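Okay, so subunit A shows up in both of these, paired with subunit B first and subunit C after.
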Partner chain A sequence: MVIVELRKLLGLPTAWAGLILGTLAAPALVLVNAPAMRRAIAEGRDVTDLGYQNLGIGLLGAMILGVVIVSSEYTRTGDDVPGARQLTATLMAQPRRMRLFAAKGAALVLVTAAQGALTAVLTVALTRAVHGTSVAPWSAGRITGAVLYWVLLALMAYAITLAARNGVVTLTLLIVNASVVSVSYLLTKVTGLAAYLPDLVGAHMFLRGGPDERIPPVTAGLIMTAWVAAMLAGAAVLFHRRDA
Partner chain B sequence: MITIDRVGKTKGRRTILRDVSFEARPGRVTGFLGPNGAGKTSTIRILLGLDRPGGGRALVDGRPYAAISRPLTVVGALLDGSGAHRARSARAHLRWVAASNGIAGRRVDEVLEIVGLTDDASRRTGRFSLGMSRRLGLAAALLGDPPVLVLDEPVNGLDPGGIRWMRSFLRDSAGQGRTVLLSSHLMGELAEIADDVVVIDKGAVVAQGTLAGVTGDHATLEDAFFALTGSERSW
Partner chain C sequence: MSAVHAEIRKLLTLPSLLVTAALTAAAALLPEPAPYRQVGFLIFGVLSATHEFQGQFRTSLLAVPDRPRLVAAKVAALVAVAGPLTLLTPATSAYLLATTLTAAGAGLLLRRTLPSVAVTLTAYLIVGPLLRARFPASAPWLPDTALLQPSRGAAATVVCTMAVLAAAVAVLARRDAA
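Our next item is the complex of A and B:
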């Protein structure tokens, strides 16, 4: 079942867009930023998070995958038949919804974990190549943290999309928040508690520097996992109960 | 054998189905007849586990659909559209559907051949015409060579040749001992192929029996239908 879901996901062009974007964005950013970053380092910039900071951009790919694995089920299959969706074929092939829910989640975890590991290693290696090995030390813990962050964000996108039954809501919510204006970040200016919002707290798993209050990586991981688990549980209940 | 047993369904305050009961038996074509919005599709979706009934049971060979392992080898269903993501080719769609139920990959080419889509198998389904989508949907329904066929308005979107083909295909399927349940609002069409008829109107079964039994003293099934539903101009 997981293999079928992997096959369905990887058969979609939009999934590959997410994969390619997610894998290449962070390493590309290292190269693009290289000249400016060299100057900043020469001026004494804090390099604690160099290499790891750029990983943030790649999570867009993980989010896209989390959205696409669900939105592809709810997209209309043709213009002439309004109600027809792939979900009908999926549920007729696999009517046990909780198993389907788990299989989709597992397929998503596999793809984003593989992608996240590849990107994290690539990005850190490239940073070391560009800026010298003195910065961005290899850290299995931080790379694991980044991959976990990645996977959890993908699962979050999966849960929200399943609850909303289309990808637009999720993409708006997560991508705007992650890249254009971070509402969560702005909220931290209002209350320190906002640092515990799911998208922000997770970053503490692999970032060490920054002006904000520090949350230990393991605590951060546990808090984000709890958030995502709650969202998944909510989505599962809705998916189980609702008419397809 | 399909058993619909006192199935009810409400959406909001609207009653969609009220105590719907009937059976579709092996070796026979059972026509499920009713105007648009009468509850045909809702009944079929409940039978296939896509929608939940408010009450009652819908069973295939005594089991709810969700309790059947590898359901596509037991029930083949055709609903609106093909169920294929528009970015996928017909073959890619059928391959994952086959894999999901442990059906051999070579069966994909067989069903493409049966429905006459072999030449279009590599095209993206988003570019398919309505008729081609229907044929792809039918191909998916046939993948598991199931003893039970459930088809919702199967001739919608088919050209005259396709309608004729569908008619003989369904008759042959019943002839081979399969259970065939098809819904339609086309009375003339149904009268041509059904052995048994279930008439539904406003969410309730108003008549059921053999085609001759339901037609009764009326000249045609259509006359009987309007006499039963008393709705000459439901639109």
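Our next item is the complex of A and C:
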């Protein structure tokens, strides 16, 4: 089951776009940013998060993967058979929906974990090469946190898309929220509790600096996992109960 | 004229477009921050183009075989339908209309809804602001600067819309229909 889902996911052009974009965006940003960042460091900028803060942009790739693994099942397959969707065939092969749900989730976790690990290592290595080894120390804990954040966000996209049965809604929500003016961040201006929204709290797993109040990484990871688990549970109920 | 009329009817009768239009209108009235106002218009533009490629495009071409004319009719219909929506925020209405057309052009080029939405939203909400923040000199060249500083990026917006639509006409005229 998982292998089938992996093959389906990796057969999608959009998934590859997400993989490549997600893996290359963060290292590219390190290079693009290098001159300005050198100046900033010379002026005494806080460098605790150097190398890790750029990882955020690559998350778009993971989100795209989480969206297409579901939305590809729901889009029409072709002009000659209007109304036909891949999901019909998928459910014919695996009528047990919970198993299908788990297999898709497992495939997504495998792909995004590999991608996240590769990107995080690549980005930190590149930062060390550009700015010297002292500024961005290797930290297994922080890299694990970043990969976990990566996987959880992809699972969140998976859950939302499964509930919406339409990729456009999820993609809009997540891209708008990931944009430079993030909705969650704006909410923190209204209430301090917004710092516990999944996307913001999760970042505390691998970012140490910043003006906000610190939340310990393990607590942050647990809170984000709880959010995503709740969303997945909701999506599972809908997927199990609803007409396909 | 009948082609334009047909396109307007398509735009006005599709449920997904009506929902998007309603959400767009709601978002357009948000006071801040300005970048959010364009999200609905981008999606409206993309959907107005990509809905054709979910099984309808061959019929459309049967009715209007002249492909550049079909694109022209689509653009005219989109101006007629999205135009009134952009008037909700008069100061930025020209920019929003141009952006809607750019998104429609991207949709015609990419044909699939999801990739088109991903590309346009990423370009306008993430790549644009990032480039402006790192290289302030790039601002006059980016299509989305005009939303924030109307006097600075207007030319880039117009050129970008023209370029994407021209590319859409060129590609559509050459490519297999669906």
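Keep in mind that, in the parts below, the second predicted complex is superposed on the first by the 239 of 244 C-alpha atoms of A that agree within 3 Å, B and C clash if a C-alpha of one lies under 4 Å from a C-alpha of the other, contacts with A are read in each partner's own complex, and residues count from 1 in each chain.
As a convention for this text, contacts are C-beta pairs under 8 Å (C-beta built on N, C-alpha and C of every residue); 3 or more make two chains touch, one makes a residue touch a chain.
Just so it is clear, the structure is predicted and the values come from calculations on it, not from any experiment.
Chemist: In the superposed arrangement, does A:L173 touch subunit B (first), subunit C (second), both or neither?
Modeler: Neither: A:L173 stays clear of subunit B and subunit C.
Chemist: Have a look at where A:A164 lands relative to subunit B and subunit C in the superposition and call it first, second, both or neither.
Modeler: neither
Chemist: Name the contact category of A:R7: first (subunit B only), second (subunit C only), both, or neither.
Modeler: After superposing on A, A:R7 lies in contact with subunit B but is clear of subunit C.
Chemist: Counting only touches as set out at the top, which of subunit B and subunit C does A:R96 meet: first, second, both, neither?
Modeler: So A:R96 only meets subunit B here.
Chemist: Examine A:D243 and indicate which partner it touches, taking first as subunit B and second as subunit C; both and neither are also allowed.
Modeler: In the superposition, A:D243 contacts subunit B only.
Chemist: Would you check which partner chain A:T88 touches, where first means subunit B only, second means subunit C only, and both and neither mean what they say?
Modeler: After superposition on chain A, A:T88 lies in contact with subunit B alone.
Chemist: Can A:T75 be said to touch subunit B (first), subunit C (second), both, or neither?
Modeler: Once the two structures are laid over each other on A, A:T75 reaches both partners.
Chemist: Under the contact rule defined above, give the subunit A residues that sit at the interface with subunit B and also at the interface with subunit C.
Modeler: On subunit A, the overlap between the subunit B and subunit C contacts is residues 13-14, 75-76.
Chemist: Over in the complex, which subunit A residues touch subunit B? Could you list them?
Modeler: Listed in rising order, the residues are 1, 3-4, 7-8, 11-14, 72, 75-78, 80-81, 83-86, 88-96, 241, 243-244.
Chemist: Which stretch or stretches of subunit A touch subunit C in the complex?
Modeler: Interface residues on subunit A, with respect to subunit C: 13-14, 17, 29, 32-33, 36, 57, 60, 64, 67-68, 71, 75-76, 79, 82, 167-168, 171-172, 175-176, 178-181, 186.
Chemist: Where on subunit C is subunit A touching in the complex?
Modeler: It comes out as residues 33, 35-36, 39, 43, 47, 54-55, 57-58, 112-115, 117-118, 121-122, 125-126, 129-130, 133-134, 178.
Chemist: In their complex, what parts of subunit B are in touch with subunit A?
Modeler: 45, 48-52, 65-66, 68, 71-72, 75, 77, 79-88, 92-93, 95-97, 99-101, 125-126, 128, 130, 133, 140, 157
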